[in-house]
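What follows is a set of structures to go through.
What follows is a pair of complexes built around chain A, which joins chain B in one and chain C in the other.
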Partner chain A sequence: MGLQVENLTIYYQTLSGDVRALENATFSLEGGEIMGLAGESGCGKTTLGHSLIFLAPPMKYVGGRVLLDGEELPIQDMEKMNEFRFRDISIIPQYAMNALNPIRKIGRMTEELLQAKKVDFKAVLPELKRRLDLVKLPHDVLDLYPIELSGGMKQRMVMVVSTLLDPSLLIADEITSALDVASQKAVAEMLVEFRDQDCCKSAIVITHDISILYQIADSIMIMYAGQVAEKASTRTIIHSPRHPYTKLLISSLPEIGVKYSERQLTGIPGKPPLLLDPPPGCRFRDRCPIAFDKCLEVPPFVEIEKGHFVACWKEAGNA
Partner chain B sequence: MLKLDKVTKIYRVGTFGGKELHAVSEVSFEVRDREVVSLIGESGSGKSTIGKMILHLVSISDGSILLDDLDVAALKGEALKEYYRKVQGVFQDPFSSYNPIFKADRIFQTIHDEFYPDVSAGEWSAKVERTLKDVGLNPEHVLDKFPHQLSGGQLQRFLIARALLLDIKFLVADEIISMLDASTRIDVLNLLAGLKELGLSILFITHDLSLANYISERAVILYRGCVAEMGATEKIFTNPRHPYTQMLIASVPRLDRKWEAQASVESKCAPTGYASGCVYYDRCPLAFGKCKRRPIPLEIEPGHFVACWKAAEPPV
Partner chain C sequence: MKRYFGRKILIYLLTFFLAVTIDWMIPRFMPGDPVRNMLTRVSVNTNASAIQMMYDYYSHLFGLDMPLWQQYLSFWKSLFMGELGISVYLFPTPVKDVLLRAIPYDAFLLVPSILLSWYAGNKFGAFAARSKWLDNTISPLSYILTATPYMWLGILLAWFFGIVLGIFPIAGAYSFTMRPNLSWNFIGSVFHHWFLPFASLFLVGFGGWAIGMRNMIIYELEADYSHFLGALGAPKKLVRKYAFSNAVLPQITGLALQLGVIVAGALVTEVVFSYPGIGYLLLAAIQNQDYFLIQGCFLFIIIGVLLANFIIDIAYILVDPRTRRGMTGETA
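And then the complex of A and B:
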């Protein structure tokens, strides 16, 4: 069943007006799919992730619907969402290393968290221990304070706690960015393992590091300045992207083996528009090498091949 | 040009400073003229400490840093100011390098007041504009703005421009790419590589191996304050000999190849005490009896040093 998001629009309220951080996002996620969500900072990827679970001011719901396993999520209602949070939809927050309460032992903190959801800690304990084994943490971490764990261990502990009630959707926000490469690999692989073991049905992995997504994601969605640019299977996004932004983004990534003296890579000239008063039409227009008159209108997000969606007028005709 | 000889930094830690933390132990390498050397290591490996010691921001516990035969640790007063004309640093977070209540271009003004009081204001602003163009910025768009009105990439280039105003010979670039977006980071990296043509030597401190490979001629791999391996970048990337380097290179996420199904060994909490043996001993899959003694960096092929007892043995 998975997740369906239709025309989701979220603004930020500020003194100088609404910041249009997310505009008409429409996409779906199959059960069991790990979708990577990538883009530059300020493109709305974290806004999208957070709006699905904790839509708090200054975030403002403007329109759209979210369906999880066929049931509509009341994302605009902070109270009603409590029923779904943690149980059906869960999040591993950015900088999860600081997400644990520093003055509680980890086991005690987990117990309190479960009490709040009226779940018996004792009944969940065997499963909790099994999951600790899964992420290769010793059982006695439950008797430790967060300060006694390393960054990678804390990250994995938060992963275990977040998925303890087998949520249908897990949102992982930049979970690998603060770790060194060895822990990065271990944490990313554990996320896949969690999905394979049904600890969460599907997951949205938010990151700016596309090479991590290539390793673990089934599909990748690229966002630009609050708009969804392209979504397709991981292979397609990396090897045959169709949106000009995706193409430029992928070609600007330095890879092992590429050296400055042999082949110079280029970045994307210009910078994203301010979202306080964004230009009409496609927001990538100013930086796009193939922009034309039609780009003054917002391009539709169309399926050009099975499972490959692109929001670009140059590609829309090929649908 | 810059030579580090058995540089060691010991921090006093614990409530009363009763414990010692060996942040950097006996690190020796050199950066030649017009050369980009990458210093690669995970968090806590001491890479930033080395950068700060070169910049005379933290003291050296033991060993010496020489810039063209000038002992950096002994510099004081006027001599130190002269040193800063030649050596400058740019750091990781461009947002916190500025005072938010002043305009961003104040950093150029302070350089003018401190180092070039004899240059007239008109001449100075012409020089600033020229340097800004060198780093790929349009002076009209970026001057007279507050830090929050500029992007991270622009602020980072401002800092590089500030360093260039001083006719520097050596730049310490400490993780300057990691806070930037993918679409702008490559431009800053190209800028850095271009500076080399102007006669600059660069110490590029990073944890990202693909960036290091892209820009540098030589690389130094650091693990818990010790040099694990160093040599020409291609040699290290195509023929890593230290088990730590091998593990690092296997864990880098790449776009052309998926990770191999091999368990990576993660670091545990950093021990504070001084280890007499190989610092990689507790994570190393190849560790054997001899590893209880600290390995000495050994030249296994010209210019390629490895600090590992196993790598020193002929392959079986």
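And then the complex of A and C:
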């Protein structure tokens, strides 16, 4: 059960050619697992999340399969996907603050959305109210217009709407990015609560804030320049990463108890390659301190320990 | 709520005062002299002293011999008593009567053409935004229609349907052989004369509204809330419905402005088709330096614009919840 993604490849069509935003992504997600998806801007994490639910142009499906609970998702077919959206797979978008129609009362919008999906609003209403309690929103938000809510309230409202039909997979795209630290933690905990109460079976949390993932995610997948670099349990990623990019990424995070005036916090020198015409092989090669000849070929994403996958030639031999 | 309307009404009153003052000033700063103009037009007597006597008489009658500030005060005084003065050009008909005679024709011509072109333009514009094929046919057509110099289109229609095909009359509001009466024959004649000016106004308006709506819809379909609905698998119908109800808001503002100028008449249309509305009247009034008639025509335009704006202000509160926020006094 859960989600299996095999060799998913998504490009962006642009006037100057295809941007290879996601190449040969292969990973799986257990039922009930909250997976953090992290990486720097432009690494393809949002592309991956969106392609699973709303593969709209300029995104272009190139290849690969997606199975959710054993059933193949027709992600490249915008029409056929409608059946799965919201019921089986849902999203809390990055733009959650603007995701509600400004000129409809929230309750009415929810009702119209559910009606369009042939769901009886009256039957769902008690559950909807229970979930409003869960995210600490008063019930009368249903009678308000989106402008009458604060940004954080809108965010939580969208969370409730998105998960109303108990999707099997929830994609949470940057849900904490626009919030202050206290609200970030609250929203993150609500997400866990939603999972625990079966409002969604499993979730992919897209973020570049690894500290949030440390609090809520069961596992973390790191992406780099359109390629999956490493996936393992949260503990493993934080404490014993194997991919050189993950190692450098984690070491660039500040730690408690270390005086950075004495030991300067370092970043990773260089920049990620342009994805319009990326270099062959491992895309981290140019910045990697341990790169060697073999890195001219794309490294396979192999399981070196149970549940620990790495795409690096240095590790592939140890598997 | 009370504060909101209080403030609005104050602003409207102030606008009214300023606009009417300008309205009073403009004809008086035109070069020329309305009384002399009138006298030369009807000149039967060449005796200089007789003309001078008549000139003094009429100047006194119209109050034009008073100092300007006195004229201005008496203008406001009579305005409050509902008097607009006497037309110089159509002497001795009161301006009020002249205007009241012209207004029904204006309303009859402009209200349907503006409302129908608004409605049809919005529907078609929204329709055009649906597919490439429709967009490639409706949009260029709309651009051509709206870019057409209005006068040219009017003359073209009058020439083609009135002269070449001869199926529509090209002048007047009803047949010259008839007097206004309540018979089917007369009503038929009115509609017959109404059609061409109506059609010309409708076509040009239609193109403009359709383009506006198409662009707005495309913009709204790219808005975040549309994407969210799409990602949740909402049917296209619902997404379009939401986009439409958001896109129509600026169009409502546009409609208000259009309705406001109803009274100005479509000056050009009325001139092309010799249609006896306010626009036609205004042109005659300016040509004859008829201060009072010009004032009267402009007064109607001012009242029309303000009233239409006020109505739309209220309508906006009903259709757009975001404006209601302003009512608590945050912004004017």
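Things worth noting here:
By definition in this document, the second predicted complex is superposed on the first by the 313 of 319 C-alpha atoms of A that agree within 3 Å, B and C clash if a C-alpha of one lies under 4 Å from a C-alpha of the other, contacts with A are read in each partner's own complex, and residues count from 1 in each chain.
In the analysis below, a residue touches a chain if its C-beta (ideal position, glycine included) is under 8 Å from a C-beta of that chain, and two chains touch if they have at least 3 such contacts.
Nothing here was measured: the structure is a model prediction, and the numbers come from that model.
Of the two partner chains placed by superposition, only chain C is touched by A:Tyr145; chain B is not. Contacts of A:Tyr214 after superposition on the shared chain: chain B is touched, whereas chain C is not.
Legend: residue contacts after superposition of the two complexes on their common chain; A:Thr26 is shown touching neither chain B nor chain C. In the superposed model, A:Ile238 lies in contact with chain B only, and not with chain C. In the superposition on chain A, contact is made by A:Asn98 with chain C only, not with chain B. Of the two partner chains placed by the overlay, neither chain B nor chain C lies in contact with A:Gln4. Look at A:Gln76: by the touch rule set out above, it reaches neither chain B nor chain C. Set against each other, chain B and chain C touch different numbers of residues in chain A, with B touching more. In the superposition on chain A, contact is made by A:Gly257 with chain B only, not with chain C.
Once chain A of one complex is fitted onto chain A of the other, the partner contacts of A:Phe86 are limited to chain C, with no touch recorded for chain B. Shared contact residues of chain A, touching chain B in one structure and chain C in the other, are absent.
The residues of chain B lying in touch with chain A in their complex are 42-43, 151-153, 181-187, 189-190, 193, 207, 209-211, 213-215, 233-234, 237, 247-249, 251-256, 258-259, 263-270.
For chain A in complex with chain C, the touching residues are 50, 53-54, 56, 81-87, 90-91, 93, 95, 98-105, 112-113, 116-117, 145, 147, 158, 161-162. Contacts from chain A toward chain B in the complex involve residues 40-41, 148-152, 180-186, 188-189, 208-212, 214-215, 238, 248-250, 252-260, 264-268, 271. Across the complex, chain A is touched by residues 223-225, 227-235, 237-238, 242, 245-246, 249, 319-322, 325 of chain C.
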